[in-house]
Each structure stands twice: as C-alpha cells, then as structure tokens.
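In the two assemblies presented below, chain A is common to both, partnered first by chain B and then by chain C.
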Partner chain A sequence: MAECHPVGFRFVMEAKRRGATIIHVDPRFTRTSAVADIHVPIRPGTDIAFLGGLVNYIITNERYFTEYVKAYTNATALVNENFKDTEDLDGLFSGWNSEKGQYEISSWQYDGAEVGPAAGKREMFSGEPMSERGTQSGAIHHDETMQDPRCVFQIVKRHYSRYTPEMVEDICGIPQDKFLQVAEALCSNSSRERTSAFCYAVGWTQHSIGVQYIRTACIVQLLLGNIGRPGGGIMALRGHASIQGSTDIPTLYNLLPGYLPMPHAKYDTDLPTYLEANGSTSGWWSEMPKYMVSLLKAYWGDDATEHNEYGYHYLPRLSGDHSHQVTVAAMADGVVKGYFVMGENPAVGSMHGQLQRKGLRELDWLVVRDFAPTETAEFWKTAPEIERGEVRPEDIGTEVFFFPAATHTEKDGSFTNTQRLLQWHHKAIEPPGDCRSELGFTYHLGRRLRELYADSAEQRDLGIQRLTWDYPTKGPHEEPDAEAVLKEINGYTVQDGKAMSGFKDLKDDGSTACGCWIYSGAYADDANQTARRKPADEQTWVAPDWGWAWPSNRRLMYNRASADPDGNPWSERKRYVWWDAQKKKWTGEDVPDFIETRPPDYRPAEDATGTDTIGGADPFIMQADGLGWLYAPNGLQDGPLPTHYEPEESVAENALYLQQCNPARMEWDRKDNPFHRAFDDPRFPYAITTYRLTEHHTAGGMTRWLSWLSELQPEMFCEISPELAREKGLRNGDWATISTARTVIECRVLVTERIRPMRIRKRIVHTIGLPYHWGTKGLVTGDSTNDLIGFVADPNSSIQESKAFTGNIERGRRGRGRGMLEPIDDKLRDLPEVHKPRGKHGVRAATSQEDEET
Partner chain B sequence: MRRVLPAWPVLEQLRRRDLKALGRTAFSERTEQLGPRTAKADEVVRSVCPYCSVGCGQLVYLKDGRITDIEGDPDSPISGGCLCPKGAATFQLVTGSHRTKQVLYRKPYGTKWETLPLATAMEMVAQRVKQTRDETWEETDPKGNVVNRTLGIAHLGGATLDNEENYLIKKLFTALGVVQVENQARI
Partner chain C sequence: MATGFFTDTTVCIGCKACEVACKEWNQLPDDGFVFSGMSYDNTVMLGASTWRHVAFVERRRNDDFSWLMMSDVCKHCRSAACLEVCPTGAIVRTEFGSVYVQPDICNGCGYCVVACPFGVIDRREDDGRAWKCTLCYDRQRGGLEPACAKACPTDSIRFGEVDELRRLAEARVSTLHGEGVSDAYLYGVDQPGTDGLNAFFLLVDEPEVYNLPPDPSTPTKVAASSWSHVLAAGAALLGATVVAVVGGRQR
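And then the complex of A and B:
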C-alpha cells in the first residue's frame, strides 16, 4: 500500500501513531513492510490457506463476535441436505457437472428457500430453474444455537478444520509462531470496542481463484464483527483514477450501469422476464424495475414507452463470456474485426503479450487513443516478435488510427476513487492541436454514425437512430457539456427535466430517466455535488461535504451494522450510526445505510414483499435475506466456501485435497497458450509473482514517457534472494533471462533479502519478483513481464492469473530465438473424474461461447 | 568611505543578526525578487490526480492561459496537500513534449505513421464502424435466440477516463449492438 497508494497510506500511518498494529502480508518486503509491526512473507497463490487458517483459529478458539454473528450473518441458516463439502469429495463441492465443466449449484442453497445473489456473476444464473429470485426470509430455516450440523456455522467450521497453523506453515511457508502472532493480534483488536480493517489490491484478485480470496476475508471480518463499522471493512485499493467509476458505470461486457446485468439471449427474452429473472422478491434489489426502466428512458428518451418495453429490445444480448481475454482469443482467431482502445495499453498491461499482439495483427482496423503512441498502437512496428524477425510490418494488414487524447486538466469530468467518492476535476485549458477528450470523441463518433444511419429502414438500426444523443456542446472544439452528461447519469423527471434528488424517487412507469441509479443524487438540486470542496478542517471527520459518494453520499456502506440489533452503538468508542428512539429515525455521523424510519424491532410479515422484507435488524439490505454471507448459497461459480487450490502453474502439490486447481477456472486450451506442469515442472522450478513500483503506473502509458519518473525507475529488473543468486551464479546488476513456456524476457538482477526463500514441507522454494511496467516505447524501455503469463482466469470475474505462476531464471541476456515451448498436458490439475470440455475458451472462441451454456 | 562602509558584509551581517551569512545577507537583488510560480498565478483550478485511485486533490495554477504548476490541494480530506512521486509529476504529464498532438495513421501493410486531419480520421472511423457492424450483425444465434449484436467490434479502456466518458462509451456501443466492451477493471 505504501508503494502503490502512498498518499492513502498516510491514514495507516496515522492509525499506527494512535497505537494500531500494522500487519503486512506479502511475498516481498516493501516500503509497507518497513513500517509494519509484523511482515508476513507468503508463498504467492496461497492466501486462502492463510486466511482459512484465521477462520479456523477464530472458530476453534471461540474468538468470534457472537452477537454480531448470530444477528447479522447467515451462520444460523440451515443448508440443503444434499450439500457436500470439499472435505467429503476431496476438493470438489456437490453439483460438479463434468459434461459442462461447471457446477450446478442447487445443492448449495438454503434449506427451505432459494435465494438469488446480490452481486457476482448474476447474469450467469439468470433464468436458472427458480421461478423467483429472492425469497421470503421467513422461509429459511435457522438454528439459533448454531449446533445443527447442517447450519452454516458448523459447515464453515468443518470446512476449515484442517486449515491448522501446521497446514498454513506447510502451504504458505509462514512459520507457526508468526501465524499465531497475526491471528492473536487480529482477534484481540476485534470486539465491541475495537475494529480491524483489511486492505487488498490485485495481489488478491489476479488468481484463478481470486474472488474467493476476498470471500475468505469476508468470512474473517464477519466472524469478527468488522463489517459496516468504523475502522473495519475490507478495502479494495484500486489502481486507476476512475477504475471504480468504470465498474459502476461499466465499460464492462456483463453489466449495465449500476450493476444491472446485461440481458442474456437464452433467458431474458423480454423486459418482464428480464426483471423477474434478475430482480428479487425481497431485499433492496426488489427495486430493480425502477432502475432498469429509468435507464432505458435515459438511453431512448421519448421513444422508450410501455408499448415497446421502453426500448428493451434495442439492447444486445449475451450468450456467454465476452470478457477481455475471451475477446482477445476471438481476435486472434479472426472473429473480431475492429477494436477501440482508449487509455489502456494491453500489449504491455494484459497477460500473454504475444497473444494480445497476435490478436491486433488479425484485426481489420484498430483505434488507439492515448497521449503518445503506446506499444498497443505500435504493435506492428516495435514488438518483440518484430525484433525477433518472426513477423514483418509489411505482412500485417491492420489499419491503425492513433488519436491524441486530452489530459484531465483539459476537460471537465468526475473520477470515482477507491472509496466510491466522486470528485469533479475542472477544465483548466483547452487541449492542444488535435487532442480531444473521450467525451468529445465518443460524442462526435456517435453523431457521425447517426448521420450515416439516418436513412436506414432496417429494424436493427432503430437503437442507434432513436438513441438520445443531443448533448449541448461548448468551446472551440464543440465538446459536449460534461455536466449535462452527469445530469443524465443522476436522473431527471421526464416531464420537466428536473434533476432527481436520489434513487428513492425513481419510478418504473417511464416518468423518470436515470443513467445510473447508484449515482442518483450526484446532481441533486440541479447542482454538481461532486464539485463540492469544503476544506477538511471546516467539517467533521467523515467529511460529507467534500465530493459526493455513492450511494446517497454515504461514506461507509452497511453502516446499520455499526449499531447492535436494538439500534444502540456496539460501544461508545465505535459509535457511528444509531436509532434515535425519540425522533424515531436512524441518525449518526454518516448517512444511515438503512430505511430511515424503520425501527430496529420491525419484523416483516410472512407475506411481505419488496423492501418490506427488510427486518429492522438486517443490515445487509442488498442481500435477499438481509444477512452477511459466511456461506454463499448462490452467486459464485466455484463453490459456496473459499477453498485452497494451487495456481494453474505451481511449485507445490495441493496439500489439502487431491483436486490441485480450482476446477471451475477458465483455461484457454490453445496451441499458442502452452502451460507448464501443474507442479514440480523441472523446466520451471521457481515461483514468480508480479507487482508495481511507486514511480510507474501500470503499463507505463502515463509514466514511461516522463523524464522525472523514468530516471527514478529506469530499467526492468527482477528481485531474487541472495540464496537463489548463489544457486544460479547471479550477481547484483547482472543480466538474467526469465523464461516460461510462453516466452523469454531479460532484465537486470537485483539481489536482495527483500525476497526470502521459503520452506514448504521441508523443501526450499524460491520466488522471483517482477515489476511489469516496461515495453518497447517511451524514454525507458525493457521487456514486458506480462509476456510471460498464460491465459488462465478466475471463473467469477474472468480476471487473469498473473500473481502466481512458475518460471526459470538463467544468467545472461536472452537470444533472439523464439521463446515459446510445446505444451505438456500432464492432466494433474484435476481429479480423475473432473472433466473440462476442450476448447471452452479456446479456438473459435465466439462459436464456443455459444456452446458454453448448452 | 561613508558609501563603502555600509556595503561591508560584516556590518550587514551584524545589522541583520546573520552571523553565519547564510540568511538574508547572502541574497542578491534577483534572489530577493524570486517567488514561487504559484504566487503569481492568474487562476487556480481544482482538480484530481489522474494516476491511482486514492483521489488526491490537485491545484492547477494558470498564468497567461498556460499551466505553470500543479500542486497538492491542502483542503482535501483525502490527501491534505500531499502528492506521491507520480502525482507530483502530473505537471510534466500534461505539459511535456512527449505528447502527440496530431492524428497518426498507419495504412494496412504500412511501415510508417502518416498524419491525418482530425475530421477525416473521425469520418473514416465512423465508416469502418458502420461497415464492420453491418457485415458482422447477428440477429439471432445458431439456436434462434435473439442476440441483436455484433461480435465484430470490441472496446477496451475506461479506468483512466471520466465517469461521463464511460457513460457515453457504454451507451453508444450498447446502442450499436457492441457487447465486447471492457476495461482495466477486468485485469
């Protein structure tokens, strides 16, 4: 955190000054470790074993927050009697379908009722054989004593019973005394009086089982009562200025703005079906029809009427996974013809650079928008395969357009930071030359396309013809008014165009339009709330008058949990939001995350529906049952409980189960994506992890061109321990070649005790650390680490596995020869009976996408 | 002598109580006149750091219509005036000579960049989108389900862009039937 979010880390340092214990879990010793109380080196790819060890410690030693667990989590809920745990099936849960290569999740459900997920891959479950999403919470059977073997608490207890300190040491390489020190520090700082927080970044997400890393932290934090309370939580430290915003208002294939699922071809055949299948009969998601209809009104304006289902049929449909890696594979197979890349540099920043660039070579046309031509814009000119002579520019048919982009100082707009806070940045000057904002580019591209389609009589062109696209423009470059766009995002009443004050006023009858319901209120009172800048020292510590946070300017989500079931603060020290019995409403330091006037003793009637199902002591209002899920009966592709699996390529066999890897992982079975042996590959004996440096930003597009930053980190390097250096005859400053089956790269060697060899079951395991910022362009150049990485992904998020894989290191510079090796398919990743259909995400990707659901 | 004596540095040091001569005594007339660029700004524009997701406040200083400096915003409850090495380099990011200011074009099978007028390039891209969309349109999938889309066009990017920009990108591409819209959040 000190390396990649240095200014955010000032709050950690402030906490430390006030007596907090800082624990840093990371394979390498960094600036964070330097100021931490405890640094815990961990073998890359084993965090679930470590966190599962904490779960086991908390339960075995009865360190959980009993009142919180019983009242606010699903610990007491009973699970379907057909459920089988990984303890029963050697690493698989019940429901594995070896024909499809995926789980059927019905046996994971609660006893008595089926619930839909509040988040996760919701569209994948759309139309599954359950007539109603959500449930009457009353239908779920509970055991308040938490003794029933089928209750969630007992299932969790059994699931993690073998995640002992000894097992943590064997898997993660963390000595038992250090593990126990961490567990004790965490537990003793979690109670009515105290809270502990977790922070993580892509070191947790970029794994073939990454979503379950965060889920394990959720279990720990729910057991300790650290969610929805000040000083608690699990903080995702995101890497880009508005990457949270680009998730909320998604440039993502599976979502519409505000986490509404994109419609699925097979199930969501019309609007009523879509709303029934994706909404919920209980909890806050029961409000979904209002958000969807208002979005359609924002998109298609007057043309969106009840008669045409508000333009629902203009929406394209999904038929499977259309995520980045799937798209690139489809590109390499010639399915994708045209590609827009705006402010991103996949030739350096995404896994398997060769396959990324192969995809670019197969395009008809490519549009790149950035400050200067990046490696992605110049894949035809300066790529490693061009240098090696494998590909010649004269043979590449892709037509490439490079458009220069405006900087944030040359345009108005809002960023959403990692804490969901929208902050407006004002235009200071006009962009130079032909530089333009993406707002202007997209607006004018849309305007030209609407002209090109103006005379069409084709049904398929109605969506573009009737799209609301009449934004006021201003300035010499006729850039659209960003505030007008923000107002559409915020929402307005159709009749008089007045800005919505918040999502609670949205309607499902076409009388309101709203581009992103969770952002409704950002332009309340026809004023730009995101531009508010009341100085920190003139307001409370929660700082509600600086910018605007979604939802409803709420700074801490699920903050109802900061009070006990009766509505009183858990302690005076941790008071945040509470029930004011006199005024009969919720109040506190922050905007309460609850129905404002719902008393703590409210209990829903048997036949309650919609938001009436949310009980007065159910803080997790987005969940169908209002509870924090220790165990996830729905929403995940790879199990209701996080389970330790080794990465696709590992230095070790799975010590817990016969099943080596996440059975549901996404794997691209293609010739141009060879894998190593599952473990103990003699050609690739070392663990590799990747990371960023303070002085560079991701793929380098905003840093490698700047002399001030380039001179601080001028050259690609690897970090290795003195022990590994001795073993391989490497000295500090030498050149070394790092290889995987995908390619070889070269870099300077940094011999340092920041990376330590680890003892894993009496064997020494070495880790190589690689920053990934460099490429062939910019002031400082170097080989790209991501070229080493294969196409493997988490099945829930489709995120690449780049934080844990294997490779080799040798002295000297790489040759000019081709690096790719033949694959070895050793079949050791899965149990003998686990069958994964070949080519699921591989050759002819688009076609296989169609087959995925069959 | 009356004119020379006051210029004698020792007297000046005594008079200014600057015995080590490291203070005001050492100032030349030019040094006396030096001041921070920020003090002479015509205008200060509120902004936000464009790098990581912490969202540090930035103050953009303008003089004669040009950006003269970018500093941390002390009012920000997030950053309290701090910027990290990347944030502190924002001035070079936005004013540096590395920026390309013309549209570049590479012909199929070409070996070099050429320049194009912006409007020409915009029209060419619009035509490419239309042609590719029309050629690769899918009304239904092989099983007869309505899909109403094209898999011939894809988009990547958004994490570095504004919310308003992401909104227009998603809206336009969705209306065109482009489903493969992705950004760094997937990575």
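And then the complex of A and C:
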C-alpha cells in the first residue's frame, strides 16, 4: 500500500502512531513492509491457503464473535442435502459439468429455498441465467446451535479443517510461528471492543481465482465481526484516481450505472421480464424498478414513456462475454473492427502484450486518447515484433487516431475513491493545444453521431436519435458543464427539474430521472455536495461534510452491524450507529444504513415483500436474506466457498486436492497463447510475480514521459534473492533475460534480500519480482513484463492472472532482431498445445502430460 | 526566529514525493536516467540538481532485516561552512535562519563545495554555479511551507520553527523509546561542529549507515583551532628562540 498508494498510506501511518499493529503479507519486502510491524512473505498465488488457515484457526480456537456470527451471517442456514464439498470430491464442488467446464449450482442452494446474490454474474452459464437476484428471502431452515452438519458453519468448518498451520507452511512457505503470530494478532484485535481492517489491491484480484481471495477475507472478517463496524472492513485499493467511479458508473461491458445488470439479448426481451429476472422480491434490490425506470428517463427524457417501456428497447443488449481479453482475442481473429482506448495503455499494461498488439494490427481503426503517444498509439511503429522484423509497419492496415487528453488540473469533475467518497476538482488552467477533457470529447462525439444518424430510418438508430444530449456548454472549446452532468447523475423530478435529495424519492412511474441511483443525493438541494471541503477540526471525526459518499453520504456501509441485534452499540469504544428507543429511530455518528424507523425487534410477516422483508436485525440490506454470506449459495462461478487452487502455471503441485487449478478459470486455447506445464515445468522453474513501484504509474503513460519520475526508476529491472543470483551466476547491476513460453524480455538485475527463497514442502522455491512499467516509448524505455504473461483469467471478473506464473532467468541480454527469441525452442512455440495442461482443467496436468510423452 | 526541518526517518515510506516536489517547484533538471543498482535509489546523492534525496539502506542484523529510508537535505547549519568560505558573499543567512545561495552573485569558485562537511552543495556543470536547498525561501516569503514538507504524505518531513520542531522531535524520541525502539535518537540538534543544524533527523542507526558524517564540523572552526595551534606553536618557537638567544648570550 505504501508502494502504490502512498497518499492513502498516510492514514495507516497515523493509525500506527496511535498504536495500531500493521501486518503486511506480500511475496516481497516492500516499502510497506519497511514500516510494518510484521512482514509475512508468501509464495505468489497461495493467499487462499493462508486466509483459509486463518478461518481454520478462528473456528478451531473458537475465536469467532459468536453473537455477531449467529445474528448477522448465514452461519445457521441449512444447505441443500445434495451439496458436496471439495473435501468429498477432491477439489471439486458438486455440480461440476466436465463437458461444459462449468458448475451447475442448484446443489449449492439453501435447503428448500433458492436465493440470488446482491451482486455477481447473472449470465453464469450458456443456458438460462442462474444467479439472478433472489426470489426468496433466504434460507427456510436454520440450526441456531450451529451443530447440524448441513449448516453453513459446520460446512465452513469442515471445508477449512485441513488448512492447518502446517499446511499453510507447506503451501505458502510461511513459517508456522509467523502464521500463528499473525492469527493471534488479528484475533486478539477483533471483538466487541476492537476491530481490524483488511486492505488489498490487484495482488489479490489478478489471479485465476482472484474473486475468491477476497471472499476468503470476507469469511474471516464476518467470523471476527469486523464488517459494518468502525475500524473494520475490507478495502479495495483502486489503481487509479477514479476507478471506483468507473465501476459505479461503469466502463464495464455487463453493467449499467449503479450496478444494474446490462440486459441480455436472449433473456431480457422486455422491461418487465428484465425487472423480474434481475430484481428481487426481498431486500433492498426489490426497489430496482425505480432505479431502472429513472435511468431510462435520464437517457431518453420525454421520449421514455410507459407506452414504450421507457425506451428499454433502445438499449443495446449483451450477446455474450465482451470482457477485455475476450474482446482482444476477437480482435486478433479479425472479428472486432474498431477500438477506443481512453487513458489506458494495453500494449504495455495488459497481459500478453504480443497478443494485444496482434489484436491492434487486425483492426480497421483505433482511437487512443492519452497525454502522450503511448505504445498502444504507436504499436505499428515501435514494438518488439517490429524490432525482430516479424512485422513490418507498411503491412499494418489499422488507421490510428490519436487525441491528446487534458489532465485533471485542466478539467472539472469528480473522483470517487475506494471509500465511495466523491471529491470534486475544479479546472485550474485551460488545457494546452488540442488537449480536451473526456467529457468534452464524449459530448462532442455524441453530438456528431446524432447529426450523423439524424436522417436514418433504421429502428436500431432510434436510441441515438432520441437520446437526451443537451448539456450546456461553456468556454472557447464548448466544454460541457460538468456540474450539469452531475445533476443528471443525481437525478431530478421530471416536472420541475429539481434535484433529487436521494434515491429513496425515485419513482418507477416516469416522474423521476436519475443517471445513477447510488449517486442520488450528490447534487441534493441543487448544490454540488461533492465540492464540500469543511476542515476536519470543524466537524465530527466521521467528517460527513467533506465531499459526499454514496449511498446517502454514508461513510460506512452496513453500519447497522455496529450495533447488536437489540440495537445497542457492541461496546462504548466502538459505538457508531444505534437504535434510539425514545425517538424510535436509528441514529449515531454516521447516516444509519438501515430503514430509519425500523425497530430492532421487527420481524417480517410470512407474506412480506419488498423492503418489508428486511428484519430489524438484518444489517446486510442489499442481500435478499439480509445476512453476510460466509457461504455463497449463488453468484460465483467457481464455488460457494473459496478453495486453494494453484495458479495456471505453478512451481508446486496442489498439496490439498487432486484438482490442481481453478476448474472454472477462463483459458484461451490458441496457438499464440501457449501455456507451461501446470507445475514442475523444467524449462520454467521459477515463480514470477509482477507489481508497480511508487515512482511509476501502471503502463507509464503518465510517468515515463516526465524527467523527474523517469530518473527515479530509469530502467526495467528484476528483483532476485542473493541465493538465486548465486545459483544463476548473476551479479547486481548485470543484465538478465527472463523467459516464458510467450516471449523473452531483458532487464537489469537488482539482487536484494527483500526477495527470499521459500521452503515449500522441503524444497526451495525462488521467486523473481518484476515491475511492469516499461515499454518502447517515453523518456525511459525498456522491455514490457506483461509480454511474458498468457491469457488466463478469473471466471467471475475476467481479470488476468498476472500476479503468479512461472518463468526462467538467465544471464545476459536477449538476442536482437530475429535472434531475440532464441532461448525458447522454436518447436515449442509452434506447437503450444503440447504445453497446455493436460487432463480436465489441470487435474494432474503435469503427470498426465509426462505420461503422454513417455 | 529560525525555521527548519525535522525529518523523522521512522515514518518515511520512501515515496520520493519530496524529491519530485522539490524538483518541480524549483524547476531542477534530472540527474540523468541511470540505473544505479543501489536498492531503490537512482539519484544516489544530493547535488546541484537534487536538493532532497531519499536514501534506501537494506540492513541485515542477524535475523533482523530492515529497509531504512531517509530523506536527506541541506542541514542549514547554524555555523555554515559554505557561507563562511564564500569569497563573493553570494551565500547569506536569511531572515528565516536558512543558508541561501544568491545565484546572481555566485561566481562558481567552488570553495563552498569542498567546505561543506555533508557534501550537500554542488556546482552545476552547465552554468558552473553552486546550488542547494533554499529552504524554499520564495515559498516562505509567500507564507507557504517548503514544497518537500508539503508533499510528504506521512509527515516524515516536518517544517516549522526550529525550537518547536526540537520539542516535537524530543517527544517523538521518548515515545519511540517507550515503544521499545531504543535505537532512536536525534542527529544534528546540537551538533557541536556546526553549532547545531536547522534541519535535523531522527535516526535509528549510526549516522554512517545513512551516509551522514558522525562528527561533522565547519572547516573554519577547525581552521580557527588550527590557527590557534599555529599561534601556540609560533609562540613556543618564539619562546625557544628567545631562550636560545638569551642562552646564547649567556654563553
């Protein structure tokens, strides 16, 4: 966190000054480790084993927060009798369909009840959508004693029973005494009186089982009672200034603003069907029709009426998976013709740079908006394959449009940070030359498209023709007024155009319009609430008057959990939100995240629907059953409980199960995407992990063009331990060549004790650390780490697996020109299928492959 | 009233925001794009174009490994060698108690470079003049704190009145001692060789570990004592001569 989020880390240092214990779990010793109380080196790709070890420790030693677990989680719920755990099926859950390579999830459900998730993938399978938001309020059968072997608590207990300190040491390389030190520190700081927080970033997400990493942390935090309470939680540290904002108002293909699902072409044939399949009869998502209709009203204004389902049919539909890697592979196959790249540099920053650039070469047109002509904008001119002579610029037909972009100081707008806090920034100076804001670019693009399609008689163009696109503009470049956009996002009453005060006032009858329901209130009272900057010493410690947080300016979500089931604070020290019995309402330091007047003893009637199903002691109001899910009966592609699987390419065999890798992971079986053996590949004996440095930002588009940052980390380098350096004859400052089946890169060598060899089941495993900032353009250049990585992804989020894979390191620089790829056997590159893990989804992949070869 | 820096190395996270903020505010050139191989330090030392420099020390002591980081800067010595040896009067002490090089007067003689006991001040190759931290004289004149302190996310660099900083620093040392960090101490508060530093540091190891001199002193002070030795020696010699002469006469 100090390494990649130094500004946010100031709060960690402040906590440390006040006595907090900082524990840092990372394969390498970083700037965070330098100031942490405990550094825990871990083998890349094994965090579920570590976190599962914590779950086992908490349960075995009865360190969980019993009252919290019983009241606020689904620990007592009974699960379908057909459910089989990975303990029963050697690494698979029940419902695995080996033909489709997917799970059929009906056996994961609660006993006698189907329940949907608050978030997650709807279109989980090629068949009917299976994880639509719930139609039942929750489990029907419970065991309050948590002793029934079919209750969630016992299932979790059994699932992690083999994740012992010895097993953690065997898998993660963490000595048992260090593991126990961490477990004890965490447990002793989690109770009525104390809370602990987790922070993570892409070191958890960029794995073929990444979503389940975070799920494991959720289980730990729910067991310890650290969710919905001050000082607790799980914080995702986002990689850019407003990545949270671009998730809330998404740049994601399968979401509409406010986490409303994108309609699917096959199932969501009309608005009622869409709302039925994606809404919920219980919990807060039962309000979804209001949010969807208001969104459609914001899009199509007066043209959106009950008669035309509020313009629902103008919306584009999903026909399948259009995530990043899927799209790039389709580009490389000539299926996708045009590509917008805005503020991103996939030729350097995304996995398998060669395949990325191959995709770019097959396009008809490419638009890049950035501060500088990045490697993505000039893939046709400077790239490794061009240097090697394999590709000639004159053979590339892609037409490239480069648009210079304005920086944040040159435009108005808001940033949304990981705490869901919107903070407004004002334009300080006009952007130079042709540089323009994203808002200006998008607005004028839309305006021109509307002109272009004005005379079209095609039904499909109605959505563009009738779109409300009437933002007031100002200045010499006709820049749209960003506050007018914020007001539309906030929502307004259609009749008089007054700003909504919050999402609770939204209607499903077309009388309100709202661009993003969760942001409703950000422009309440027709004032920009996100621009508030009251100093800390002029307000309470929760600081409600600094910026604006969604939803409803709540600084801590699910804060009903900060009080006990009766509505009293768990302790004086941790009091935050509580039930005021005299005034008969919830009150506290923060805006209560609950129905304000619902008493703690309210219990929904059997026939209750909508928000009436939310019981007075059910804090997790977005869930159909109001509970924190230790066990997820729905919503995940790869199992109801996180399970340790090795990365696609690993240095070790899975010590827990026959199943080696995540069975449901996304793989791309193509000649230009060869894989290593699942484990013990003699050609690629070392574990590799990748990361950022403080001095550069991701693919370098913002930093490698600045002298003051470039001089701080001027060259691509690898970090290796003195032991590995000795083994390979490498000295500090030397050149080295790193190879995978995808490509070869060169870099300088930094020999450091900050990278340690690990003992994994009596054998020594070496890790190579690689920052990934460099490319062929800018003041400082170097080979790109991401060129080494193959296309493999998490099935839930489609995120690349770049934090754990295998490779080799040798002394000296790589070859030049056509000789560059010498360290890899040509035969191997031409026949990649030989190296794909054999057997169904990596089961005994290496062994069966060897069998075939002999 | 002197202002200065208290740099607490125990909360430094090595982000180098101070280096960059300094270069940006003062519009300094880069030091070249060279991979040093010295941990994460590629600007290597303070110089004419690097007025804040973060040192990275990878330190193993038996089973204990640590990564020390320290943002180094001009110490603005109370008895400043550079100022004392400057023949043109280019280096002055400002109303903030800081040591300031007036670039329009400096003639690039370089006496200050060899005189500085910390190796801080340096001549720029292109214009030949001597440059170093100004304690953001211009920002202070405008009521702003120096750029490095402003940018520091963890308050490792504290700016303020030296006496107040000293109280803060001493309190911090005793807090750390209470927490078991017995190695913590202040470097430079009362450095006798320089009559104290207006920019001082909280360290947890010997000064040499951070590439700081253990006993810095202003050459003129040494020179003064040298001259007194010379005088003493001269007097002794004179006395001996007199004795000899007198003795000779006696003969």
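In this text, the second predicted complex is superposed on the first by the 800 of 854 C-alpha atoms of A that agree within 3 Å, B and C clash if a C-alpha of one lies under 4 Å from a C-alpha of the other, contacts with A are read in each partner's own complex, and residues count from 1 in each chain.
What we mean here is this: a contact is a pair of C-beta atoms (placed from the backbone, for glycine too) under 8 Å apart; a residue touches a chain by one contact, two chains touch by 3 or more.
Remember, it's a predicted structure, so these values are computed and weren't measured experimentally.
Of the two partner chains placed by the overlay, neither chain B nor chain C lies in contact with A:552.
By the document's definition of touching, both partners, chain B and chain C, reach A:6.
With both structures placed on the common chain, the touch criterion links A:181 to neither chain B nor chain C. In the superposition on chain A, A:308 makes contact with neither chain B nor chain C. Legend: residue contacts after superposition of the two complexes on their common chain; A:493 is shown touching neither chain B nor chain C. In the superposition on chain A, A:715 contacts chain C only, with no contact to chain B. Using the contact criterion defined above for the overlaid structures, shared-chain residue A:402 touches chain B, although it does not reach chain C. In the superposition on chain A, A:609 makes contact with neither chain B nor chain C. When the shared chain is aligned, chain B comes close enough to touch A:245, but chain C does not. Touched by chain B in one complex and by chain C in the other are residues 6-7, 10, 694-695, 707-709, 712, 779 of chain A.
In the complex of the two chains, the chain B residues touching chain A come out as 43, 45-58, 60, 62, 65-67, 70, 74-80, 82-89, 92-94, 96, 98-111, 113, 116, 118, 121-130, 132, 135-137, 139, 141-143, 145-172, 174-187. For chain A in complex with chain C, the residues that touch the partner chain are 2, 6-7, 9-10, 13, 16-17, 29, 31-35, 693-695, 707-715, 717, 732-733, 748-750, 752-754, 779-780. Within the complex, the chain C residues that touch chain A are 10-11, 13-17, 19-20, 23-24, 29-35, 37, 39-40, 42-43, 58, 60, 65-69, 153-155.
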